[in-house]
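Next up: the structures, one after another.
In the two complexes that follow, chain A is the common piece, with chain B as its partner first and chain C second.
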Partner chain A sequence: MTSLPPPSAKKLGLVIDLDTCVGCQACVTSCKEWNTQGYSEPLTDTTPYGADASGVWLNRVHGYEVKEQGQDQSRIVHFPRSCLHCETPACVTVCPTGASYKRAEDGIVLVNPETCIGCKLCSWACPYGAREYDVSHGVMKKCTLCVDRIYNENLEVEDRQPACVKACPTGARHFGDLGDADSKVSQLVAERGGYDLLPEMGYKPVNKYLPPRARRDATNQKAEALPKPDGSAFDRLFVWADKLLSGKQATVRASDLDHSSKLEG
Partner chain B sequence: MHPAYSVILFTTSSGAGYGLLALLGLVGVNHGQASSLWFGVTAMLVALGLVTIGLLSSTFHLGHPERAWRAFSQWRSSWLSREGVAAVATYVPALLFGLVWSGLIEAPSWVAPLGIFTAVMAMVTVCCTAKIYSTLTTIRAWNNRLTVPVYAAFSLATGALMLAAISSLFGRFQLFQVIIGVMLLVILIALKLAYWRAIDTNPRNHTMEDATGLGRIGRVSQWEVPHTSENYIQKEMGYVVARRHAAKLRRLVILLLLLAALALLAAILAPAIAILAALLAAAAGVFERWLFFAEAQHVVTLFYGAKAA
Partner chain C sequence: MTEPAVDTSPKTWDEIKTTTCYMCACRCGIKVYLKNGTVKYIDGNPNHPVNKGIICGKGAAGIKQHYSPARLSKPLVRVGERGSGEFREIEWEEALRTATMWLSEVRNTDPKKLAFFTGRDQSQGLTGWWAAQFGTPNYAAHGGFCSVNMAAAGLYTFGGSFWEFGEPDWKHTKYFMLFGVAEDHASNPIKKALGKLKAKGAKIISINPIRTGYSAIADEWIGIRPGTDGLFVGALIHELISAQKIDGEYLLRYTNSPWLIVENPGGADDGLFARNAQGSALIWDGHSGTPMPALSPDAEPKLMGRYKLPDGRRVVTSFQLIAERFLTPEWAPEAVSERCGVPVETIKRIAAELARTAFEEQIELDVPWTDHLGRYHEKMLGRPVSMHAMRGISAHANGFQTCRTIHMLQILLGTIDVPGGFRYKPPFPKPPPPGVKPAGKPGQVKPNTPLPGPPLGFVTSPEDLLVDAEGTPQRIDKAYSWDAPLAAHGMMHMVITNAAKKDPYSIEVLFMYMANMSWNSAMNVPDTIKYLTQKEPDGSYTIPKIIYSDAYSSEMVHYADLILPDTTYLERWDCISMLDRPISEADGPADSIRQPVVEPDRDVRPFQTMLLDLGNRLGLPGMTRTDGSPRYPGGYADYIVNHERAPGIGPLAGFRGPNGKAQGRGAPNPEQLQHYIDNGCHWYYELPDHMKYYRHVNWAYLDWATFFGFMGKPEPVIHQLYCEPLQKFRLAAQGHGKIIPPTEHRKRIQDHFDPIPFWYPPFEGEMVSGEEFPMHAVTQRPMAMYHSWGSQNSWLRQILGRNWLYMAREMAAKLRIADGDWVTVTSHHGQIKGQAKLMDGVNPETVWTWNAIGKRSGTWGLQAGADEAKKGFLLNHLISELLPEREGGYRYSNSDPVTGQAAWYDLRVRVEKAADQSAVSEPQFATLKKLRRAK
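Here is the complex of A and B:
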């Protein structure tokens, strides 16, 4: 049934921290690894070792360059993009067969690979590019939020979370119930000002993104002035050592050790 | 958007078929039974043939054509499903109308009601097709109030020229067919020009900054794509025709439609030219439908480097 169920109290989703994501692609490969062997048919690659390798992936990590106002240098933001399990997903309502559906109990958006006819309309309806068509199986594939892990009683309790979340080495991906205001993920969103992608389109994504924090490194600041030479015993020692190493011609005065003036110039 | 040839063939062929069907229904309402059995049977076969070729070709682009029957189930929410239901449902009044109008079954009093029913169902189907596109908020060029009128006008105009062409073959070419045909072509040209004007001037409201949400910290540009070769999203949604080619093709569409109108006028002197008019309009339809896809920018392109959508 592609009509949407009444809004569920439970809204399972991901919170992605753009501040700590380092773009290592571990979430991408672990997603591919898990989902190529589980729930649906494999996530095919065509000519994986050829010149024009391509394939189905449910999670992609983009890199964006952001030019901040008043900063000389840009910063790079790694940006994982996957299904946002929207509350009002048009990808579900446009589906003519009922293969696309939103689960009433937890809000996960899924595709039934047994009934999908591969018309691709759902991918047209998604603003986030979350759905990828699998040419070899003739059906649409998308993030399942690892529905076959998170409820899987054969796995240890700590493994019952999406593969991408388990794989992330920097803890940039968080999984939980965004319908529960007291959940860890909801609190994280509240605390860090988590936001929706393209909120004006009205899809009401469940997944949230945490914005990069203000820069706290000094790489784009002007070089800090080194301490001025103070004529101490150490300074005199360095002047002597410098003279010795530079040979007879060199005449080094203590003021030459004032690097800061050179760097600023 | 990637222009899939099966979808172009489907929408133009079935569009002309439904337009012809609708006009035959109205001819039945106005003139009663067809003037000869062969004229009636041929016209109906052409109309239903075009529709059927179109519907079959629409299944070619499916990953699983054998499951196409499932598409009739979700008419409550999906315009694609509604289109499927309407397309199949139209066969019922259309076949009955064809039987009584052509005179295969003698029931003159049924010609008018079945004609109206057929005409309405045919146009409902065309509008459902257009609604599939016009309801996609992800594609600004389609999410436009002129999308449905243009589809309807194309269907009726190409249908009217098919009617004139078939009539000329049977020596039944009449002045009213010219008047209706030219009027529909003029309306179509006006609507299509207005549509192009609208998609050229409507603001591109979404930016890369909105899509990534990174506008809150600064100006965003693409640094690195997430894969080494084009993926499905880029192939399907990233297709954009060069602006100068688009301008040329737009002029070609309008030229073909104007030539079709001229040919239809010339058919007053030599009815056989109506066949040429129908072919010209069909060619215009193919180019126009190709452009409809190729000029449409999907909002997902923002994640892949487009500045605005």
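Here is the complex of A and C:
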């Protein structure tokens, strides 16, 4: 059993926007390439060029098709999955050697590879499937929030963020201090109704997910229609065209002349 | 308990170098982290105009591409039969001597016997020039099977196009329509923009039979039936014109809508613009009631009407003809709804939303500018509706006309190069079409002589075709013949078939670069392999010599005779040039380079450097000094810096002239590449605000673009809603003019060269039985893969190592197919077997799979039994490169009849539960043996 430190004021974590994630896997491979040479090195691949290739990944993206009630169409949701750096993580408290621990300073949950014995109790305890066992080293590996990037003085300041966040093309991933109510990430969570995964488990994840926004499709939007007066559309078009100014004076344009009322006249 | 010490500032690299990614066609700027000369990490370059620091799933897996076990390592010459995998390793000197011998024989006798096709080449500025120097017209890259019908539709209509040619005004647009699968071009810029659009509340509509990829986050998904986009867009046009929700001022000023067209049925001038003695098209001036030149500043052109010219000719405005077409009931939503699979109410609602956004949410930028006629404008007015389209339009035989229909919608709404609309990327706009014509007419191909011009260009009348007096094609792929008159990117998909059938003639050497033409880039793979190994009665191969250059051991390598191994993208110089397909932003021109960030650890040479060497060995004048020595002894890097296409204009526009201060035009600068490296391997010039929009008619921009060499002269680019060159082909089909098509081609030309956009059903669906083949079958592009390259990548193949056949749940139920069943897919041409997956987000009459995941066993460095070969499959085997026979027995290529674009998505199939439920896809081709490399 490993004990937790007192709750930290600083709670570093990710906010992931399910409204804009297109499932491109940029965060997945960026995570892999940084971490296979960083704190967690290496993230082993087994039979990389054979059948059933598999390997250790600290971040994966899954796609689901969901059909919600009241919606005409199904929706494809891309769901990035990695360690949520819980405030009361069971993966830490079950650890028999103290290898799994939560940092007092910033709340990041790490595994110390020196003391991990690969018993896998932590991966059984984690309901989020966030830990992966590296067969070649016999130790557990997991998201470190790029602890070796975010404080790394050898990197440019703009690069001191998790590899997945820096990579994300749609800007769906955000990194910051969720312990600070004024931080950008906390504000984003407040604005967009960010939520916890499986809150009923009581582990209090630090990472938050932003739900998809309401879609402006036929189900959610007032139907618009173009006016359809009686008579010949062609005749009306001709009358309209005849009234058009050629625009010798460029500053005058049909649009400046109350376009909408004129069009229907 | 004390926490263990963690090193939070490790330095796992000793050097960071910038270069340009090549994991897809996007060409983002990257930073490569190196330790002791080994690549450790790759991320996006924050200062790069394309990606601004982001990177995609492919780009971040570049390490595994660079260190792929599929890399070729030394030149090879074939010693066994083609396909046997038996090669002998040879030295470069022997390889180049062999290639020189083969090629010089051809050049000394008949240069067109060389077919030089370069696949997904990012150096077409060089390769096209090399072909012209060699003297063969038989050159193209992969554009003919990618998207040439769309590129041509745009270039002939408004002097621009999608992808590298232009992009939506992401900052201002409020309504974005995305047509078809779009994940493989401009992928990072689009993803970045989608995130921004979502954040600011712009509406995103996806029109695609399949809801994956970017469609997943769209506000609205239109699950259209494949090949019917033109009907859908035409119905939107019908609605908008009916309600006069179109931008009349824009049409009058910046398009040929008011230009007068001769109405003289049966006459040689019917359908051509009425012109004055100086050749200027005419408009009808409402003020004076007389015809005047189209670009008269004082005229008041009439948008509609029929008139009589003083010489008695009857004329009508272009727009009148357009309105007459699209106002007919056949374009009404009610008439197209069922064929598109889109409800009437949806079409009507979207038309209303477009009109509201364009005209009631008009944007005004306080930026004064002056137009081509010297008219001063206080503001830049914008209509915030924008569009992007890709393969869902291009991969159909009606794609040229469908894409023209989309452009017509954009133009009717007044949205081209206005704030919020669709913006050109310099060097575009160009004249519609650009002025360059293809060389290779009879008499232009001569021994030991360069072509008098480039092999690819833009024809504007039958006189420009590459045919002889009998109408016989002059190119091996039949581009620029009556089969495909506007084939601006060639027709790579027809080269092997035509060469094997000796139609129109036989060739001696097939020379290809990074094009997997025996597998995922070929239609009809089984017969393609047959053609590659086909022999003459004397035992020689029908295609006698095949030279292939690639960095990787693809399926094509086994069928070549001489292999010239290329480097990876991290080991080479390259330029992403304004003379090819640059990386410009809408706000200004940009280009970039690749620099070698690591040295090759194998005996390989960069293809472009090797090609220049070969050119010198062949004595090609552009590559050889008068004393016979090489003009570019420093290889491609030397060429990039010192080659000039016109005085002061070379492959790179930045850092020219003494001190590197000149931009666009300037003397070669020996320090140019160092300047690029110092600037993160790119150059970008942001245009001043008054030159950022309306560039087709923006006086200041047109002047500047002429100085930069983007245009020959500062003339406005008037949008050609009515496309006169098409009418010239129609007139030829009616027997007018000196160059007329052979009788058997006339109906096809007459039917498809309509100068006003229209819709016709994709050919395959018309030629096979709808009852026998009721379903459409198409592919989508996975975001983490680029064609076949991704499957060799040990990280990417863990993400997607095989494909499935996806189909609609309701359709599967009808066919008694359950999720996970193995199914057969049968077309008029062949049958495959794959495993089914069911979903809701797909047009019910459509099945689909991921492109290019299926591999041939034994290739790409993969081990036997790899899922890509065992469970993966290709639709290619079902697609014939030839259409079924027409009357008279002639088989046209399976292509767009206007541009020769390969019609991949016209495929019709039936799907049945397979009798054999074993978990193996079919067909299974014989495992290709590991390359045997005897010394």
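Convention: the second predicted complex is superposed on the first by the 215 of 265 C-alpha atoms of A that agree within 3 Å, B and C clash if a C-alpha of one lies under 4 Å from a C-alpha of the other, contacts with A are read in each partner's own complex, and residues count from 1 in each chain.
Definition applied: a residue touches a chain if its C-beta (ideal position, glycine included) is under 8 Å from a C-beta of that chain, and two chains touch if they have at least 3 such contacts.
As the structure is a computational prediction, the values presented were derived from the model and not from experiment.
After overlaying the two complexes on the shared chain, residue contacts for A:Asp230 are found with neither chain B nor chain C.
When the two structures are aligned on the shared chain, A:Glu200 is found in touch with chain B, with no touch to chain C. Look at A:Val77: by the touch rule set out above, it reaches both chain B and chain C.
In the superposition on chain A, no contact is made by A:Glu191 with either chain B or chain C. Which of chain B and chain C touches more residues of chain A: that partner is C. With both structures placed on the common chain, the touch criterion links A:Asp182 to neither chain B nor chain C. By the touch criterion stated above, A:Tyr64 is placed in contact with chain B alone, chain C being left untouched.
Contact with chain C, but none with chain B, is seen for A:Leu244 once the two complexes are overlaid on the shared chain. In the superposition on chain A, A:Tyr128 makes contact with chain B only, not with chain C.
Common to the chain B and chain C contact sets on chain A are residues 2-3, 28, 52-55, 57, 63, 65, 67, 74-77, 98, 115, 212.
Chain A meets chain B in the complex at residues 1-4, 18, 28, 52-57, 60-69, 71, 74-77, 79, 81, 90, 92-99, 115-121, 123-129, 132-135, 137-140, 195-198, 200-202, 209, 211-212. Residues of chain B that touch chain A in their complex: 1, 61-65, 67-68, 70-74, 76-81, 84, 132, 135-139, 205-206, 208, 210-214, 216-233, 236-237, 298-300, 303.
Within the complex formed with chain A, the residues of chain C that make contact are 1, 3-4, 6-12, 40-44, 46, 51, 53-61, 63, 69, 187-188, 191-192, 194-196, 198-199, 203, 211-221, 239-245, 247-249, 252-253, 286, 297-304, 319, 323-324, 327, 345-346, 348-349, 351-353, 355-356, 359-360, 362, 371, 375-378, 381, 783-784, 792, 794-799, 801, 839-841, 861-863, 865-867, 870. Remark: chain A residues 2-3, 19-26, 28-30, 32-34, 37-39, 45, 47-55, 57, 63, 65, 67, 73-78, 98, 101, 103-104, 110, 112, 114-115, 147-148, 150-154, 158-159, 163, 166-172, 212-213, 215-218, 223-228, 233-234, 236-238, 240-242, 244-251, 253-255, 259-260, 263-264 touch chain C in the complex.
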